[in-house]
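Residue numbering begins at 1 within each chain, and the chains themselves are lettered A, B, C, D and E in the order written.
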Amino acid sequence: MYHLDNISQKKGNTQILRGINLNIDENSIFAILGPSGSGKTTLLNILAGIDRPTDGNFLNEDGQVEKGIMVFQDYRLFPHMTVFQNITFGLKVKKAKNSEIKQRAENIMKTMGISELINRYPDELSGGQQQRVALARALILNPKLLLMDEPFSSLDEALRIEMLDFVKELQRKFQLTIIFVTHYKTEAYMLSNKVAILINGQIMQVDAPKKLESNPQNFDVAKFLGQANFIEGSLSSDNFSSPVYSGKVNVVAEEGKLYLPFSGQLQLDQTDYPAFKGNVVEKKWMGSNLERVTIKINQETVYCDLASESVSENQVYQFYFSKLPVVF
Amino acid sequence: MYHLDNISQKKGNTQILRGINLNIDENSIFAILGPSGSGKTTLLNILAGIDRPTDGNFLNEDGQVEKGIMVFQDYRLFPHMTVFQNITFGLKVKKAKNSEIKQRAENIMKTMGISELINRYPDELSGGQQQRVALARALILNPKLLLMDEPFSSLDEALRIEMLDFVKELQRKFQLTIIFVTHYKTEAYMLSNKVAILINGQIMQVDAPKKLESNPQNFDVAKFLGQANFIEGSLSSDNFSSPVYSGKVNVVAEEGKLYLPFSGQLQLDQTDYPAFKGNVVEKKWMGSNLERVTIKINQETVYCDLASESVSENQVYQFYFSKLPVVF
Amino acid sequence: SNKSNDSKGSEMPTSYKTALKEAKGKTVTFYGYGGSDTQNRWVDDVVTPMMKEKGIKVKRVPMNIEDILKKLTNEKEANKKSGNIDVVWINGENFYTAKKLSLLSGNLDNSLIPNMKTYISGNDPDAKSDMGTKINNMEVPFGNAQLVMIGSKQMFNGDYPTSSEKLLSWAKENPGKLTYVAPPDFTGSAFIRNIIYETVGFDAINKAPATKAGVYKAIKPSLDYLNELKPYLWQEGKTYPKTSAQMDKMFADHQIAMTFSYNQMYAATQRADGKFTDDAQTFVFDKGTVGNYSYLAVPKTSDNKAAAAVLINTMLSKKAQTQRLKAKYGSSIPPYSGSKVPASITNELNGEAKENNTLTMDELSKKRVPEVSAKKIPIIEDLWKEHVLNAD
Amino acid sequence: MLFFFFSALAKSLITSFGYYPLMGMEKFSLHYYTDALNNKVFLKIFFRTFIFALFSAVMACFFGVVLAFLFKKNDNTFTKPFFKLAQLPVMLPHIFIVLALLQLLSQTGLVSSLLTKIGIIHSYNSFPLLLNDQWQIGIILTYLWKEVPFVIVSLVLVLRQMDNRYRIVSENLGATKWQTFWRVSLPLLMPAIVNAFIINFSFNFGAYEVLYLLGNQTKELLPVYIYDLYVQGDYTQLPMIMSLNLILSVFSIAFAGIVLWLSKHLPGGHTGGI
Amino acid sequence: MESKKITKLVVYLIFAVLILMPLFVIFMLAISKTWSYPSLWPKWVDWGYYFRFLFKSKEVQSSLISSLELAIGTVILTIAIAYPTAMALSYYDFKGKKLLNVLVYLPLIIPSIALLTNMDFIMIKYGLNGSFFGVVSVHTLFCLPYAVKLLYDNLILWKDKYEVASRNLGASSLQTFFKVTVPMNKNGLQGAVMMTYIVSMTQYLSTLLIGDGNYLTLSVRMFPFTTSGKYRMAAVYGITFMLVTLIPLYLIDIWVTHKGRKIA
């Protein structure tokens, strides 16, 4: 178990992190998900021992500082080294045997699909290739604690999934602890069963993916997990009233906004919670057999992801909530 | 109409682009989608006049070279300038009026959510903030031809959608031509109605998003758009036989692989094309009300995205193709 | 490095004999101006081998006297009893300072330096005082220098300006053809002193108190003379050559008609070197020119006083001084007292003078005037700067 | 080593306060400083020296920057030999160029000879006085000959490391070559230029050798003024000499500080990573 | 395009002439006699003179060795001090950084009369005058401003981005220094080594004063000749000086530009 104990960070006049407390299981993959500028990189830098926090500390089970190996958001490939030299840097400085170095490098380069780039210099690589080299450079070390800062952001989906699988397998095989940071929730969900939401320098929620989406703990989390409509209205005890929907709701916070995620909450099938009648004005195909449907209810616009072809444009449908809606 | 006429590029011994021909409508958004290392950046550099192709040329309707304004994949913010100075650089060198510069900068910074960063230097920004500044620096110019290289890769989903909307609006308002490059297909689909697939330095297909997904023109495209199972089997005329499925197929290419995309092809509802019976061994929640379901048929494993909760683990279901399956 | 522990410096031996014995196997350092290759050659090719025969090594260190002095004062300030400098080439103002700071050891007398006894008479004024500073056995002369003028035969038409009046009138007729090196260059400074002798005489300056006001009062006519000359100098006296080397080049190029040197054979050596032609003729002022000796001294901190004494004696020896008459060693006149100069040397000198068409030793010594007190030299230089250079 | 250095500094300082027991001077006082600062001649020389040092350093940086940019790495035919050539003067002591200039530029020098031969001038008298002249031309030429290459070398060493990524961006955003140079390349090099400038200025302000050989007596410069005092060998003047030296040093340091401080506020003052 | 090339060519030629002309004059001075107005060419030229002199003269040879000894010692000591200093200045923020930034120039600024004479006093006091270490440390002092600033110019370009990465991957500080810092900033190092070597080589007064005559380097022997107008001797030393500076530095330059590659 790793303990983040009240970590705060301030740079210049900006308070970037505000008292972060977290416990991270060893031998697991832990994801930190948060919007741009929320402090993810700053936190990871502290965990890697690169930056010192203004307050708090990061200790392992034995109460000791452990420095994780980092995959940097901006790659930081050594510009004067070839791909091979970059990847084997960590092993070289550990004075591993040459034959072992070579073999491990070959393996990992194959997995990453960068075998042909072995003698290239970083400035002769594409963005995604650089990112893979950066990933390989850290993964080759099978570090006990691995820290990854948006490690897949420049990879296409197919590659990303391959990489995810590879990382998962590596974690299982070598019993690594992986803390990784991303702004891309699907990635977090796919890699980890425990996701912490970092917004504005604070940990807002730590939960399993599905729990997060279904029960965001506050408005900020809901908004960030986003792809949701927030309908303005007025609240009196647990009764909400708005042009779109008026009726019973589950009150989580007092912002007075009805939370309607694009997917998972609205459906056409009948349930106990009728939502509204609305006119489908536009459909935009989104891949994965989904369509983003734009619905007009009176003057309000609501978006909703539905299965492809389940509705037609310019028709009015009755929508239902799949469960009692939530108000923040 | 912009014409890409047989553009080829070679660097060192690597042939990066191989005779690219494309026509791009003015006043539209054109997406180039391709895997990592396929040559997207290289192509965009040529369109921006930064690199000279070894062969071919890029001309506008009048047969002239037009230099587009570029959003660089690696941002390239001027390290010695503040956010404000970076953003207004293009206007400054055009000698725009100070009051105008200030007003436009304020507007765009507000839209990008970086107003508070106005006096920061690039090395005091997070990755996503840098990307937004890079975007703002180009967008503020309302350039006739705008080239964007993975402009949203470091942004979280909520922000990305805001940015996409903003770019779309800008395009409409100022009648821009936008060519943008991405590896992230949803992004391409959301921004553009015409997507070119660039793989291995060649344009493989140019189509509307939905058409692309439903009718990939060859195995490479299919694999890239991917999130698909490719089942090995043998083909005799239009009859395919494999442990998973044997029967009639639509033959596109002769690789002899059955193409089963994770989503959109397999369903539980009955159709004219029964696929196979399989045992659901795992479900992984994917957000957006989808679950990735792992199905075992004999020894083979097939993945499939289904609506959440539509199947249960360790049960056997009958699956159907939504249309006649395709073999590459 | 040949440094010894600084517990104590060596003692000055009492006789040359003990010195010789003590010095065997030692290395003695000779510190002095290193810009004269003829002189360097003399030390390296003549003196060093002679010392080697006596079992002593010589190391010549080219260092300007102000730096040597500063080093010695530093040693003293740091309370060091021993140092690296064994023999110093020194004279005039610097000797005055060194003596005042008691940096030098004494006892350089006839018993320690036998050649002093042989060649230098005790009442030779230059053996008793160095520019007005009593020597007190702290210095031994080892070279003799006298300011000579070198004129262009062609430009002066054979009629050299042998007095300040002649110089002035020639200058008025030929504006821009004369100049002198600006002090504190030592030949330039010597020229100005020589003009003082010409205009007010040695006694006037010699008796003047060593204060700025006193000297000014005494040399006012000289300064006036120089100011009168000024507009007829090269560049109208607005600028002066900075080094004698520069002036020599101007002379060689016939840009100016006259240059100076502290070495009476200078024109000859320069001719041999291909820098001057036969056009260069040596002459002196009728009333004489400034002459002075260069001396050797031994610092108190010297580690090798015995070897130092041997070196000084060797430099003063007839053998070494005879060699020094050769052009390649600078054609330097020995510092021997007039009565004690060996005949062989006189003959050689006169022969060479004839051969090179310059002044004989006799003529020179007749036209030699003594130096002013060392203390007054900086004052004169300051006054020149104030009243001539910067006069408007 | 630093200990030696600061001890030496302390010694200068103590001496400059008039404490020099060797000459029997044992009282501390500031009067050497006040005297100097009240001395019109000294102040005039000081000001002249400052103008001179500033001018030479600015010129050196100007030509150095222009040349360094003209022969940047992206065109290879000139760059390599150019850089090698620029290294040459850096390697030679100043004294050499003095020697060569005397031979070349004195009124009877080679240039004058050449001009006379081809009939442009009548005789050496019409050749302008370039050495030991009122305007310090000889000194400035010497300094330029040494310092322009120094600026070039130190800039090229940085330029080599700096790729042209930012130049590309700038041009892509519509800047002209000139604007790019002015707004992007130059600011990025700014710290290096400032460093070279300060080094040159400090040298020009404090070194005496060249001034000693090529200066003009009526337009004396500070280092020579001090050096002449020193050579006179009058040790009672040592405290005064030290105080002048320290005034000179403190001024240079303050000037360097001001330049560095100003440079933080110039474009390029904030140097982020590249 | 074409006219631009021509302009460049012209500028280049002018530059080359301006640089080479004085060097040529020095060379000619070393091998000639009787070169006075208004002749454009010396009357007497002996092409072999220089080399004969060089091989014959024990003095030149021994001073060459002294010069090299000191220069190499100085380069080592200077780099050892300058590198950490430059890294601290360019990477980290600390109290007194601004002050240090300015103080670095001090050895250059304080006139040599004040600095050296008092330095000599200190050296004498601690018995270091005449020692190798003493001379080298004084040389180092004068080299430090150049070395620190040249290294700084380069280090500031990347800051410690890559060092951080290297240490994070498990490299020790020393490994990081040799495998990352130095190769990435080899241009700065080249500049620093070059300037240090040159500055050490050209030290005159400090070598003489602190060296107590134990190190009669080329500069020490040459200086008096130059000031007293023995141009030929000075030129001979000068040429030698140039050769021993030129050759090693060009070798370094070749090594730096050819080994490895540009960093972009």
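Definition applied: a residue touches a chain if its C-beta (ideal position, glycine included) is under 8 Å from a C-beta of that chain, and two chains touch if they have at least 3 such contacts.
Fair warning: this is a prediction, and the values are worked out from it, not measured in the lab.
Participant: Write out the two chains that share the greatest number of C-beta pairs in contact.
Facilitator: D-E
Participant: Taking each chain's centre as the mean of its Cα atoms, which chain lies farthest from chain A?
Facilitator: C
Participant: Can you check how far apart chain A and chain C are, centre to centre, with Cα atoms defining each centre and the answer in Å?
Facilitator: Chain centroid spacing, chain A to chain C, equals 89 Å.
Participant: Could you grab the centroid distance between chain B and chain E? Build each centroid from C-alpha atoms only and quote it in angstrom.
Facilitator: One centre to the other, that is 56 Å.
Participant: If you average the Cα atoms of chain B and of chain C to get two centres, how far apart are those centres in Å?
Facilitator: About 91 Å separates the centre of chain B from that of chain C.
Participant: On chain A, where are the residues touching two or more other chains?
Facilitator: If we look for residues of chain A contacting two or more partner chains, we find 123.
Participant: Do you know which chain E residues sit against two or more other chains?
Facilitator: Correct list: 36-38, 121, 159, 161, 223, 227, 231, 263-264.
Participant: Multi-chain contacts only, two chains or more: what residues does chain D have there?
Facilitator: 108, 124, 163, 165, 213, 230, 271-274
Participant: Chain pairs in touch?
Facilitator: All touching pairs, sorted by chain label, are A-B, A-E, B-D, C-D, C-E, D-E.
Participant: Taking the touch rule as given, give the residues of chain D at its contact with chain B in the complex, in rising order.
Facilitator: It comes out as residues 165-166, 168-170, 172-176, 179, 183-184, 187-188, 190, 267-274.
Participant: Residue numbers of chain D touching chain E in their complex, please.
Facilitator: Within the complex, chain D contacts chain E at residues 1, 4-5, 7-9, 11-12, 15, 67, 70-71, 73, 75, 78, 80, 82-93, 95-101, 103-104, 108-110, 112-114, 116-117, 124, 145, 149, 153-154, 157-158, 160-163, 165, 191-192, 195-196, 198-199, 202-203, 205-208, 213, 223, 226-227, 230, 241-242, 245-246, 248-249, 252-253, 256-257, 260, 271-274.
Participant: Write out the stretch or stretches of chain E touching chain D in their complex.
Facilitator: Chain E residues touching chain D: 8-9, 11-12, 15-16, 18-23, 25-26, 29, 35-40, 77, 81, 98, 101-103, 105-115, 118-119, 121-123, 126, 128, 137-138, 140-141, 145-146, 149-150, 152-154, 156-159, 161, 185, 187-188, 190-191, 194-195, 198, 201-202, 204, 219, 222-223, 226-227, 231, 234-235, 238, 241-242, 245-246, 249-250, 253, 257, 262-264.
Participant: Going by the contact rule at the top, pick out the chain B residues touching chain A in the complex.
Facilitator: 11-12, 34-37, 39-42, 73-74, 124-129, 131-132, 150, 153-159, 161, 183-186, 189-190, 209-210, 213, 223-224, 226-227, 262-264, 284-290, 305, 307-308
Participant: Considering the complex alone, what residue numbers of chain C touch chain E?
Facilitator: 1-3, 6, 29, 31, 33-37, 44, 59, 61-64, 67, 70-71, 74-75, 77-78, 80, 83-85, 243-246, 248-249, 252-255, 273-275
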